[in-house]
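Have a look at these structures, which come just after this line.
Presented sequentially are two complexes of chain A, the first with chain B as partner and the second with chain C.
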Partner chain A sequence: MSSTMVTGSVDTHQASGSGFSLKEWVFTTDHKRVAVLYMIGAFAAFLVAGIMAILMRTELASLGPTVTDNPAAYNTWLYFHGAAMILGYQIPALTGFFANYYVPLMIGAKDVAFPRVNALSVWLFWMGLVVALLTFVIPDPPDIMWTGYPPYSILTGGNTAFYTFTVLLMGFSSIAAGVNFLTTIIYMRAPGMAWSKLNIFIWCTLAAFIIQIIFVPILGVAVTMLSLDKYLGTHFFNAAAGGSALIYENLFWFYSHPAVYVIFLPAVGLIYEIVATFARNRIFNHMKMVYYGIFGVLALTGLVWAHHLYIAGIPNWMVLIHVFTTLVISIPVGLLMIGLLGTLYKGSIQYSTPMLYAAGFLFLFLIGGLTGIPNAMSAIYMHLTDTYWMPGHFHYVMAVSMTTAILGGTYYVLPKMTGRMYSETLGKLGFFLFFIGVNITFMFTLLMGVKGLPRRYYDYQQFPELEWMQQWATIGSYIILLGALVVLVSWLHCAFFGMRVGPNPWGSRSLEWTHAPSPPPPGNFGGEVRVPEDWSPYGYGK
Partner chain B sequence: MNGHAHELKWHTSYWPLLVSVGTLFLAPLAFGFYFVYKMPLAAFVCLGIGAPLVLISIIGWVREGLEDEHGYSAGLSVWAMPFFIVAEAFLFVGFFAAYWVTRLTAPFWPPPGTPEMSMAVPVVMTFILVASSFTIHLAEGKIEDERYDGKGFIFWLAVTMVLGAVFLGISAFEWTELYHHGFVFGTNVFSSSFFSITGFHGSHVLVGLALFLCILLPALSGKVNKAFVKSASVYWHFVDVVWFFVVSQLYFW
Partner chain C sequence: MKTLKRLIAGGALLLPAVRAEAEEGGAVPDITEAWHHLWKELLLDITIIGVIFAAVTLYLLIRYRRRKEGEEGKGTALTPLASLGWVLIPAFIFLADDVFLAAKNFELWNKMREVPEGSYEVRVEAYMWGWDITYPGGATATNELRVPEGTPVKVALSSRDVLHSFFIPDFKVKWDTVPGMETYIWFYPRTVGEHVMTCAEFCGTLHSSMHGKVIVMPEAEFKKWIEENTPQKKA
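Now for the complex of A and B:
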């Protein structure tokens, strides 16, 4: 492996150590700092939405009122938890924080194509977050779950408008980011950075943003119609006037299923990067994974949405088609998993914290995937839907397995961002607490689903025999919280007291580690990057 | 290229943050106060804060953009616009999908309460919009390198803007007519789609006009960013194309 770079005499310490200036952060247009702004927002959302989860779990720990005797409060927690976890945490963490940090560095660019638009994206996301957080201070907060289904969302006295605007602000942020990053990836690659040389994370991000610019507008339309119906008297979803709530449900899931892949693809991309680095191995069938795995998902992602609507009253032919397409889309997803295993195979694996998270990802996603297959089959789905089985399944497949990717990815990138190393002890402690906690919580959630416990309720008077399972699930959630706090402490510890390390502590072959100082200065590389013919981001000589 | 002193500076801009804060006041807060909490005064205060913030930020942003025309990604906006247009197109796909599902499942169409629509109005509007696509094309021709003609550019750009404004004027006229016939947002399922789609398209015309204004004003003092003109013009053609769908499916089909 060889690579060249115009090594201007970058004095990195001068660049990074020139003192903290608030103005240079708040008004920044630099992709690395925008990434940090995303990071703060996304993890803040994770924390607050996580506190809502703790409140819900505590409420459920005993029959009857526990934390509150007001069921409406539970609805508000549930609304905030779901909406903030997806729109405020996972999507911005992956397509905001990681995309911003990695894309220019991995493709050898100085910044994204439109740095000011990039800053606009992050601040619109923050404004969406502000509107979501207002839930806790306004009278009549939104109480419509994260799905906002009419007719309830229109008839309720709750503030549905703020749901609409949260989605619109974050949606516009995503579209602006999509336009920006597609342009960046296509037009700003360093000389010599051929398509076949791109990191797999870049491919995943490209696909995620293609999904965003196509499908986000559809969700935008759906929630706009919702508020038009509620506040301006239109009849889109009003059955009495010839409209139909099913239109909303279809538009909503037409985006929100693909949104799962907006989260999944960059997450699996991060796991690939981690696995390649810590197994010192090339990526197993790199371009086949891109073509059949990533593009396979991309091709099918818009054709499976109605698996959320099997019992909503859609025609049978539509159910049948979607059973089929849903089973088919699991093939490219499975392929991407096989690619991960193939990359691990015969690698010299080193179990640092990011690699532990990658291993955790494989396990959690396996459970999530296996519990998803019965859901795809409409006949089984009828019995499982709207029970605890569903939150059990999607917390495994999305909520917590993607969180392992986000946390592991953060540990992986921290030395680049800070020039310092985290403590392995704290890192591993946080991982094991998190991993044990989520399995306790969500195994019991799945079990309660099989017993028929309906989801989204404040209480379960008809199921007193399940109280002990609820309690275990709650204990699990406390362990998760503890883990999350350890993770937070370990990051702060790293940022302020971590041991200083060189630019490439992992011995990775990827551009962001080999060519950029830690932390990278403005302009990233201190000169033009040129990628030689025989270079590969995974050139470990195997 | 720019030398190291430049490289080592962290780039900043005030406008992205300010425009976002402005949007927060202008949209969610103003709407929330007015429609949800029925506090019109607070809503107007929010408008009063949001609108100037957004305006000032746009002006500042455009100025900044004109300054670094030769920055490292100058010219890419032309390549970015198609992606933005994809997103915009899907907004209309969403509205039209809802419209057709409603229409095809309706017992009869148009639903009761729909007045006779004038067919002359949409035809005139179509002509105007097509003409404006043509004039912006002429304007673009005036700033090609070989035969640069600043005055001609400003002229054709202004003509385009007048045409766009006339289009909006007719649209407003039509809306008031329908209003007097008792055909409003909440009349029936057709009126819901009709006003949403035409209103939405109209808002795109308005955005196009705003873009042109951001080009026209600096052009008066001789500053033209060609890539930006090109992108705005592509956007305008797109708005034109969408109008064909609007007309054919809401009026004639």
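Now for the complex of A and C:
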């Protein structure tokens, strides 16, 4: 079995040569190039969805119409923003870009197990992106929010099929990637790379793909049923014909809560890598973090979905169970945070840009996690749910925290990808703008939620007293935009004008830095990697 | 101890036991007041956790910054006992807090879901984009829910078309209206006044315009209003 996998990876050697060739990029099966394709797609989605965020924030800055007098336009921006940020940006950045770039390099493999399937994954993702972007072209764009709840999504004049197909394309891409990466991690580790020697990021990626393989098909089923109802006359969700919207709500969250951990786990894995490298320290309680933190999350992730549905009309016994499981999932997540803090302890922390993002993560995720506790409690949740509190909470805990991991992770890997160093000044400037901006925007978002402003509101005539808070949130979003532009400039500057650096500018002990040149050639290591008995990717201080 | 008892009762799904306790008082519980009370306790709880974690984080970030070029971390592997302790002890602390919070939660939740005896019942049907209100005698209104002061009100919720959510921020209550299903909330308007009621579940283009008022009236005025608006049966 393993011999076929090795031959499978041999054809990546063809993808060498110098100079830019479009054909080589389109037909590439090299995991590092696939990673770049994911990276471009994911950040493009981030950019466009970010522009939607700026449009929404500007619209909200004053009572009454500001940018548009058409609420449907706002709803379409919000639909695109939510769907693209999750399905087009965060999941592909973490399980596409970083998984592709790091997994083979960290485990000492020449490529993934099935390089052609890998190419299929990335192009399915791109097709999903294109279908999503058609939102801005077709005359009747989807206006159903990324949750797509029926019966509205069935009754609307908007084109729900585009939603279904976006989700299905992204979903098939994820399932194929899941099979590929699980196989790679299980069978393609370098000789001597025992399970106990794997980087935390690898464990996180493994867990994330296990979640994807189990739960994505359920989302696929749910959104397919939507379009069947809308276009082919079935009645899964039609109450008049004996169906129920609640079936969809349950199926949707049965996937979409675990999806949060598909994002969280690789992101926290990246933060672990960054902290270990820049603190030059061993990982605190390494294998316990894997067993109880990562696998703890994995064990509970499928048992908490109904915390999205406490007031949706589910039976009370379901509420009781899910309040408890939701509170309990704070335990493995809390352990993973303690592991990060323990890794700082007795470290020697160097504040390069990636480490600043990791430090920012610790605070943003703390706020995000703590603002999640009230949501777990059904009685408190009754007021908070579907208000601005929710976008406040999940932007802290997911959108923004995981973005610190993605941006920090990108700064971290850039010298490997390009062989060049970014400018620390630009890097740090971008970080501080981002950090200040998100706190202004999302603190006010949380506050407006406590005051009872419902989310997904184009306007808020019934809450005129909140206008000043909306304005602060908008100011914050402009600071974020400025930060994002600085980040983009710093990356381009790095790719074209950055100073050349050696293979391991950070002094990391992990394989991708110690054994591969920057940038790594096809096949990665120029020979077989053997991992010695006493090696660890975090073997510092020896 | 009492909390623990409640949790066990709630957790074991022995709801009747919890209910019996809630009824002992006889008086109508003020769930809005109770919400504020629990919210304050909760804010204190998460602020304490937050401050501790933030302080430790800040300390570690500053204390262990790199002071010399080429310096390396000095963290060592934990002994097997310590490594298990660093899992079990935090897990136990989190679990204890979780149990405490769950118990507090169910105490309030059960009150929120148990409509007091003698509540005044109105029906609200949500549609795109407004609220149709029907009173027991047949009086109707749109987007203006008048209720008498000092009487708990049960709102029976239904939907004519898509999902909506009936939300009165001032009373801290909200529940989805689901096509083909009847749901409910209750609240306790104790003083005369006006409150926003608004839709909290995305329901299409004019979702944000789907709002109205809850008007709490003195008992006598309310009676008069109902009489004037109840359709007269033809003799």
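List of remarks:
Convention: the second predicted complex is superposed on the first by the 524 of 542 C-alpha atoms of A that agree within 3 Å, B and C clash if a C-alpha of one lies under 4 Å from a C-alpha of the other, contacts with A are read in each partner's own complex, and residues count from 1 in each chain.
One rule holds in what follows: contacts are C-beta pairs under 8 Å (C-beta built on N, C-alpha and C of every residue); 3 or more make two chains touch, one makes a residue touch a chain.
These numbers come from a predicted model, not from an experiment.
Aligning the two structures on chain A places chain B and chain C side by side, free of any clash. Once the two complexes are laid over each other on the shared chain, residue contacts for A:Ala113 go to chain B alone; chain C is not touched. Shared-chain residue A:Phe497: touches no atom of chain B or chain C.
Once the two complexes are laid over each other on the shared chain, residue contacts for A:Gly452 go to chain C alone; chain B is not touched. Within the superposed three-chain model, A:Pro374 lies in touch with chain C and out of touch with chain B [touch as defined at top]. Legend: residue contacts after superposition of the two complexes on their common chain; A:Phe463 is shown touching chain C, with no touch to chain B. Between the C-alpha centres of chain B and chain C, as viewed from that of chain A after superposition on chain A, lies an angle of 100 degrees, to the nearest 10. When both complexes are overlaid on chain A, the residue A:Phe20 reaches neither chain B nor chain C. Touch criterion met: A:Ser244 reaches chain B and chain C at once. In the composite built from the two structures, the nearest CA pair linking chain B and chain C is 12 Å apart.
Residue overlap on chain A between the chain B contacts of one complex and the chain C contacts of the other covers 244. Those residues of chain C that touch chain A in the complex are listed here as 10-11, 13, 15, 35, 38-39, 42, 45-46, 49-50, 53-54, 56-57, 60-61, 64-67, 71-78, 83-84, 86-87, 90-91, 94-95, 98, 101-102, 104-106, 108-109, 112-113, 161-163, 165, 167, 169-170, 172-176, 178-181, 183, 196, 198-209, 211. Interface of chain A with chain B (complex): residues 8, 10, 14-15, 21, 23-24, 26-30, 33, 110-111, 113-120, 122-124, 126-127, 130-131, 138-140, 159, 161-162, 165-166, 168-169, 175, 178-180, 182-183, 186-188, 213-218, 220-222, 225, 227-229, 231-236, 241-244, 247, 251, 521-523, 526. Those residues of chain B whose C-beta lies close enough to touch chain A in the complex are 4, 7-17, 19-21, 23-24, 27-28, 31-32, 35-37, 61, 64-65, 72-73, 76-77, 79-80, 83-84, 86-88, 90-91, 93-95, 97-98, 101-102, 105-106, 111, 185-186, 188-189, 191-193, 195-196. Interface residues of chain A, counted against chain C in their complex, comprise 71-72, 75, 143, 145, 147, 149-152, 155-156, 239-240, 244-246, 279-282, 284-285, 288, 292, 311-313, 316-317, 319-320, 323-324, 327-328, 330-331, 334-335, 337-338, 341-351, 359, 362-363, 366-367, 370-371, 373-374, 376-380, 382-383, 385-387, 451-452, 454-463, 540-541.
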